[in-house]
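Okay, here's the structure, questions in a sec.
Labels A, B, C, D, E and F are assigned to the chains in the order they are written; within every chain, residues are numbered from 1.
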Amino acid sequence: MTDTTRVLWVNPIGKPAYDDPMGALMGGIKQRDTRVDVVSLNTRLLPDHLEYRTYEALIVADMVRLARMADGEGYDAMVIGCFYDPGLEDAREISGGTVVVAPCQASVQIAANLANRFSIIIGQEKWAVQMRERVTAYGYAHNLASMRAIGIGVPDLQKDCDFTTARILEAGRRAIEEDKAEALILGCTCSFGMNEVVQKELGVPVIDPILAAFKMAEFLGGLRRQFGWTPSRAWSCAPPPEAELAGFGIFSAAPPIGNRVSY
Amino acid sequence: MTDTTRVLWVNPIGKPAYDDPMGALMGGIKQRDTRVDVVSLNTRLLPDHLEYRTYEALIVADMVRLARMADGEGYDAMVIGCFYDPGLEDAREISGGTVVVAPCQASVQIAANLANRFSIIIGQEKWAVQMRERVTAYGYAHNLASMRAIGIGVPDLQKDCDFTTARILEAGRRAIEEDKAEALILGCTCSFGMNEVVQKELGVPVIDPILAAFKMAEFLGGLRRQFGWTPSRAWSCAPPPEAELAGFGIFSAAPPIGNRVSY
Amino acid sequence: MTDTTRVLWVNPIGKPAYDDPMGALMGGIKQRDTRVDVVSLNTRLLPDHLEYRTYEALIVADMVRLARMADGEGYDAMVIGCFYDPGLEDAREISGGTVVVAPCQASVQIAANLANRFSIIIGQEKWAVQMRERVTAYGYAHNLASMRAIGIGVPDLQKDCDFTTARILEAGRRAIEEDKAEALILGCTCSFGMNEVVQKELGVPVIDPILAAFKMAEFLGGLRRQFGWTPSRAWSCAPPPEAELAGFGIFSAAPPIGNRVSY
Amino acid sequence: MTDTTRVLWVNPIGKPAYDDPMGALMGGIKQRDTRVDVVSLNTRLLPDHLEYRTYEALIVADMVRLARMADGEGYDAMVIGCFYDPGLEDAREISGGTVVVAPCQASVQIAANLANRFSIIIGQEKWAVQMRERVTAYGYAHNLASMRAIGIGVPDLQKDCDFTTARILEAGRRAIEEDKAEALILGCTCSFGMNEVVQKELGVPVIDPILAAFKMAEFLGGLRRQFGWTPSRAWSCAPPPEAELAGFGIFSAAPPIGNRVSY
Amino acid sequence: MTDTTRVLWVNPIGKPAYDDPMGALMGGIKQRDTRVDVVSLNTRLLPDHLEYRTYEALIVADMVRLARMADGEGYDAMVIGCFYDPGLEDAREISGGTVVVAPCQASVQIAANLANRFSIIIGQEKWAVQMRERVTAYGYAHNLASMRAIGIGVPDLQKDCDFTTARILEAGRRAIEEDKAEALILGCTCSFGMNEVVQKELGVPVIDPILAAFKMAEFLGGLRRQFGWTPSRAWSCAPPPEAELAGFGIFSAAPPIGNRVSY
Amino acid sequence: MTDTTRVLWVNPIGKPAYDDPMGALMGGIKQRDTRVDVVSLNTRLLPDHLEYRTYEALIVADMVRLARMADGEGYDAMVIGCFYDPGLEDAREISGGTVVVAPCQASVQIAANLANRFSIIIGQEKWAVQMRERVTAYGYAHNLASMRAIGIGVPDLQKDCDFTTARILEAGRRAIEEDKAEALILGCTCSFGMNEVVQKELGVPVIDPILAAFKMAEFLGGLRRQFGWTPSRAWSCAPPPEAELAGFGIFSAAPPIGNRVSY
C-alpha cells in the first residue's frame, strides 16, 4: 500500500465539459499525497443536468457500476458529484472497500461544526422538498434554518456568474436576516467558484459542496488508509454474493466512463 | 372516457415467469370494470430479484420509463411491484396523470385502518434498515411494532411454500406475542398466496402486499376517474419540461417491456 | 355473504337536514354493489355542528354505540362524518368486524399518494391545533405545508356557497404560492360541493373529505369482504368482554339513531 | 376572594364507593387552606372502571359537564381521576377559569424533575398503546423507559392488595434492572395505597397518580389564586359562545353528580 | 423533620444586589410554612449576567457546589435562578435528597396546563437557539409557538421598566396575533415585576419565570416532605462515590456563597 | 499564514500523565504539516476522570478559557478530549477563529459514512443516558443501534488492557449479533489502543474517539486554512462583546494549563 490517497470524482452526467475545470479545481486544493481522477459518463441520451428526479433515475445504475469499479481499481474514496446525492445508498452497498461520499451529506456535516443553524441556497423552489428529505435523513433537520431559492435552473447557473452570485448574495442575506441562518451551504455543485465572494461579503461561513465533498472524500479515504476504516459490510451494508453477481452478469460490461482525467 | 379503470402492474425484473400467475391473481380479485396489465422488463443482464440496493439501482430508470409510458397509454394507475417501492418518487414525478402506487406504502396505509401497531415479516435481516426507512418516510414508524426476519432469501420464498409459510407463522406468532403486534404485513411481493392461512391461524389481519398494492391502485385509479384526483404537478411534483425531454431524447426509445399480459 | 358492500355514514349531530343531500351525493358516486345508509342522531340538546371540543365530547358516546350497532347489523364499514374524526379510536375498539373510517385520516392518506406536501383549508383558526394533532397522530405532519383559515364558522359554510368558495380559492392560492402546498384538503365535511371548482381553478388536487371518507370506507369495506381484513382485536384493539358489557347494560338501549336513509 | 384553594376531584364512574376513601386520603395530605370535594357520576348504565376506550367514551360528555360546573361553582382546579386522562382536552376548553388536571400528565411532569427515565407500571398489556400516546402527547416519550404490565385488570387491583403490591414490586424491579428505569409511576388511580412500600423496597421514587394529580391541582389552583394564571381562552383554547350554548340548551340540565363529599 | 419546606434560591452571579429584592418577592408569595434563602456567589471576576454561554460556563461548577451544600444543609429544593437553566443536570446529579428546579423547565410545565401553545419573549435573538434546545429537551417543542425578541440585553432589562414592558407588550401581541400563541412566558429572570401588567393587557396567561420556579420548588419540596419523592439515584442519576469525592477533595472548600438572605 | 495546521488537544483533567502518550499517538498519525499540542489542566482539586456530570461541571469553565487561549495563540482547531464532549457549545462560542471539535460528534459523523447503524461501547450503564442525549443532539439517534456497557469505570479502563479488550469484544459481538450494529464506536477516550484488535476480530469498522477527534480537528483546521471556514459568529454563535469581557476581567488570568507538550 502506497502513501497516496486516491479519490474518484464522478460527474454523473454524460457531458465531459466540466471534467477538466473540476479536476483542476481539486488539483489545486488537494494534499500532496492525494490523486484525484474525474470521470463523466459515456451513456448517450443522458440529460446534462440532474435537476429532476426523472433524470437522476437515469444515472443511478451508473453510480452502482462506478462504485464497483472504484473498489476494483483500489480507490480509497469516490464522490457522487451532485447535491441531490443520487444513488448514494446504492453505491455504498456495492463499493467494497471504497468509501462513498456525496456533497449534501459532506456539506451539512462540516457546517454543523461551524454553526448551529444554516440555510441552503438552491436554484429553484422545485428542489426544496427532495433536499430537505436528504438533510432530514442525515439527521440535520433541526439545523436547517431554511431553503432559499434564487430562481435559476442548473443549466443557467454558470452562464452569468455575476448574476448568479448576485442572486446568491441576495438570498443569503435574507436567509441570515430573516431566517436567522448562521452559515450558508450552496445547494448545487454547479455554483462552484462563487462561495468566496459570498463568504467575504456576508461574513458567515459559506460551504461550497464541491470543496466539501472532495475534501471529505480525501479525509475519509485517508482514514481508511491509516486505520482500516472501510465501509461496514454487516447487515444492511452487505452486498450481493459474488456468485450471484457473476450469474447475472451485471458487471460484465466495461464501466460506463466516457472521459477520465487525473490530477 | 370509458368506465374502465386501467391498472398497470410492473414486475420490475427481467424474467416474465411471474407475469401470468400475478395477472391471474389480480384478474380474480379485480372489480368488473377494471382491466389490469402485467409487464416485466426486457433488459438483459438484470437480476431476477431485488433483494439488494445494487439490483434496485439497475431498474430505477425503467420505472421512470414505464411511468412515462403509463401516462402516454392512459393508465389510471401503475404499481411498482416490489416491497422496497424502488423508484417510487422518481416514477411519480414523470407519470403525468397516472397515479403511481407501491406495495409498502399501500400496505401500511391499509394496516393503519385495522390496527394500531403492526409488524412486517421480512425474508432476511438485511432488509430491515431499508424498509424501516420507507415506513418512516411514509409516516408510520410509530405504528411499527417490529421487523421479523424468517431467514429466507427472495429467490427461495416460493420454492417450498409450506416451509416458507411455517416460518412466517413462527415469526408472526413471535411478533404478536413478544413485540405486541396487532396485525402483520408480509414484506415481500414474493410471499403471495400465503397470507390467508397465516391470517386464519394467527387471528390477526395479515396484509399481502400484492393484494394491497393492486387494490390501492384500482381504488386510486377510480378516484382519478371520478373526481379528477390526478397527481399534483406543483413545486416538487413538477416534471421536466417537455422541450428539454425531447432535446435529451431520453424517451425516444421504446419502453423497456419484455412481456405484457392483460386480465 | 352477498356481494354488496354496506357502508354506514354517521352524521354525528342531532339534525337530519343533511342526511338526504349527503346520501344522494354518495349514492351518485358509489359503486354498483355498494349500499350506503346515512344516519343522524336522535339525542335532544345536541349542537348542530362540532366546531368545539365541548360539542364533540357530547357525541363520542354515540359514536361508540353506533359502532356497536354497525357490527351487529353487519355493515362492512362505518364513517364518522366530521373532519375532527371524533371518537375514532373509541369506535374502532368496539366495532367488531366493521372497519371504522374518518374523513381526516382518509383525506391525508389519499393526498399523500398525489403530492408530497398539502395544506388543509379550515374554517377558523380555532381548529388548527386540534387538526394538526390529528394529522400528526396519523403520521403526516411532515407532509403538512400549512393550515389556512377562511374565517367562516361551520354553521355558515353552506350559507353562501359562492362566498365560501371564493374564500377557499383565496386561501388555497396563498397556500400554494406562499406555503408551497402541492395539493389541498378541505378541512370540513360542510364544504361539500366546492372542491371541483377549486380544483379546476387552482390546478392542484383538491380533496373533499366526504368523498375521501366515503370512498375509503367503500374500499376498506370491500377489502374486508374479499380478504377478510377485519379490524384487529389483539392487544390495544381488544374490546371489553361481552359478559362485562352485558353486566353493565351499556348497550341495552336502542342505538341513538334519529333518522336513517338508504342509497 | 378567600384564601381557600378549592379542588374538585372527579371519580369518573357511576359508583360512589371510592369517593369517601379517596376524599379521606386527600383530606390527609392537603394543605390547611385547601378544600377538596370528591364527586362520582349519577348516570346509570355506566361501567365501574374505564379500562377500555369504549367505557371512557361513555363518560367524556360528563367530564365536559363537570368542568362547566366547576367553573360555575368557582373551583380553582378540577381533576379527572383516571390515568387515561379521559376528556382532558375537552374539559379544558369549557372549564372557564378552572384549571383542569389529570393523573398521567401530573405524574410525568413530577417524575421528570426527579429522574431522567421512568417506567409506568400498568395493569394489563392492553393499556400500553393508549397510555404511550398520552405520554408522547405530553412530550415525555423520551423519558419513558418502558411500560410493564402486571396482568391484573382494574376491578381486581384492590381485591388483594398484597398480591397486587407483589406484582408491582416484581414488575418495578424488572423495569429498573432490565429497562434501566430510574423512577416508577403507577399507571392506575386504583393502585392507591401501594406506592410507599414499593418506593421503600425498590429505592427509587414511586409516583402514585392520585397523589400527583391532587397535589398538582392544589398547586395550580393556588397559582391561579395568587397570580391569576387561569387557563388561556385564546385560539384553540376558545370555548363555544355563550349564546350558542344557551341556544343548544346543552348545559341546562343539572350536573351529572351522583355523590359529593367534602374534605 | 419539621413542617417547614426549605427552598434555596441561587442567583448564579457574583453580585448580591438582586438578592434582597428577589427574597422579598418570594417572601411575599410563599406559603406560611416555607422558608426561602437567597444566595449569590462569592467568586470575583464573574459576569453580572449570563446572556452568553461563555458566562454560564464560568458558574456551572458553583451550581454543583451549591447543590452539594443544599443537600448537606437539608434544603428540600434548590432553584438555579437563570432562564437558561445552567448546570441543571449537573446539579441534579450531586444534590442528594434536594430537588433541583430551574425557571425554564418550571415555566413550560406550568404553561402546558394552561394553554396548548405558548411563546417565549426573549431579550435578544441571540438567546433563541439555546432556549429552544432547552424547551425541546424538556419535551415541549410542539407547544412552542415562537420565540420573540425585544432587542434588550439582560443588563438593561431593569433599567427602564416602562420601556421594557412596552417592548414585551409589543412582542407578546405579535406572538399572539401572528404566531397564534395562547400564553406567554417571559424568558428571563430579570423581567420580574412585569408579568401582571402584560397579562392584564393581553388577556392571556403570562408566566414570570421567577414565580414559576420558586413556586415549583416549594411544591416539589413539599412533595418530598410528604411522600418521600426525593431525586432518583439510579443509573444516570447516580452521583460519584463519596470515597472518590473525598479523595479528590473537590468539596473540601467552603461553598461559594457571597451573600445569603432569608425570608 | 504558514502551511502548518495547528491543533490543540485538551486533556480536560488535572493530571498530566496521559499528555505524552496521547501526544505521541497523535504525532504518529498526523499529516506532515500538522503540529499538535497536548495540554492538561493546572487546577488542583480536580478529578482525574470525568465519568460523572459533577466532575464535568468542574472543568467546563476551563474549556472556555482554553478556547479563548486557542484563538489568541492562532490554533486552527481545538479538541476537548472526553467522549461526553463537555463544554463543547460553550467553548465554540468564545473560540473566535478556532474550530472546536469533540470526540463523540467526530465519531458519529465518521461512522455515518461507513455504516447505517452503529453501537457505542461504554464503560458503565451510568453513561448511557447522557451520551444518548449527545448523539441525539448531533442528529444521529436513528443510527444508534444500542449502547452496550462493559462494566468498567474510566479509572480502570487502562489498568488491564487485555481484560478491557476482552470485555469490549464481548459487548461488541453482542451489539452486532443482537442489536444489529454494523459498526462500533468506543465511547471513551480512555479506551485508546484497543480499536485495532477489536476491528480485526469482529470485522466491522471500530471507531476510536481519539483518532476520530484528532483527525477531524486536523481536517477542519485544514479547511479553515484553505477556505476560510472559520466558526460562524452570527446569532447564537455570537460571543460576548470584548469591552464587556474586559470589564469583567474574566480572561485576565493566565490560561489554566498545567502541562503542554508538542508533537
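In the analysis below, a residue touches a chain if its C-beta (ideal position, glycine included) is under 8 Å from a C-beta of that chain, and two chains touch if they have at least 3 such contacts.
Just so it is clear, the structure is predicted and the values come from calculations on it, not from any experiment.
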>> On the document's contact criterion, could you list the chains that touch chain D and likewise touch chain E?
In response: C, F
>> Quick check: superposing chain B onto chain C on C-alpha atoms, how many degrees is the rotation, to the nearest 5?
In response: 180
> Same or different for chain E and chain F, where same means more than half of the interface numbers show up on both copies?
Replying inline: same
> Which whole number of Å gives the spacing of the CA centres of chain A and chain F?
Replying inline: 28
>> How many angstrom lie between the centres of chain B and chain F, each centre taken as the mean Cα position?
In response: 46
> Hey, how far is the Cα centre of chain A from the one of chain D, in Å?
Replying inline: 54
> Which parts of chain F, given as residue numbers and ranges, touch two or more other chains?
Replying inline: 116-117, 125, 128-129, 180, 235-236
> Which chains touch, pair by pair?
Replying inline: A-B, A-C, A-E, A-F, B-C, B-D, B-F, C-D, C-E, D-E, D-F, E-F
>> Can you tell me which positions in chain B touch chain A when the two form their complex?
In response: 45-48, 51-61, 63-64, 87, 89-91, 93-94, 125-130, 133, 137, 235-236, 238-240, 244, 248-250, 252-253
> What residues on chain C touch chain E, complex-wise?
Replying inline: 125, 128-129
> What residues on chain D touch chain F, complex-wise?
Replying inline: 116-117, 142, 180
>> With touch defined as at the start, can you tell me which chain D residues reach chain E in the complex?
In response: 29, 31-32, 99, 101, 105, 109-110, 112-117, 138-143, 176, 180-183, 195-196, 199, 203-205, 207-208, 211, 215-216, 219-220, 222-223, 226-237
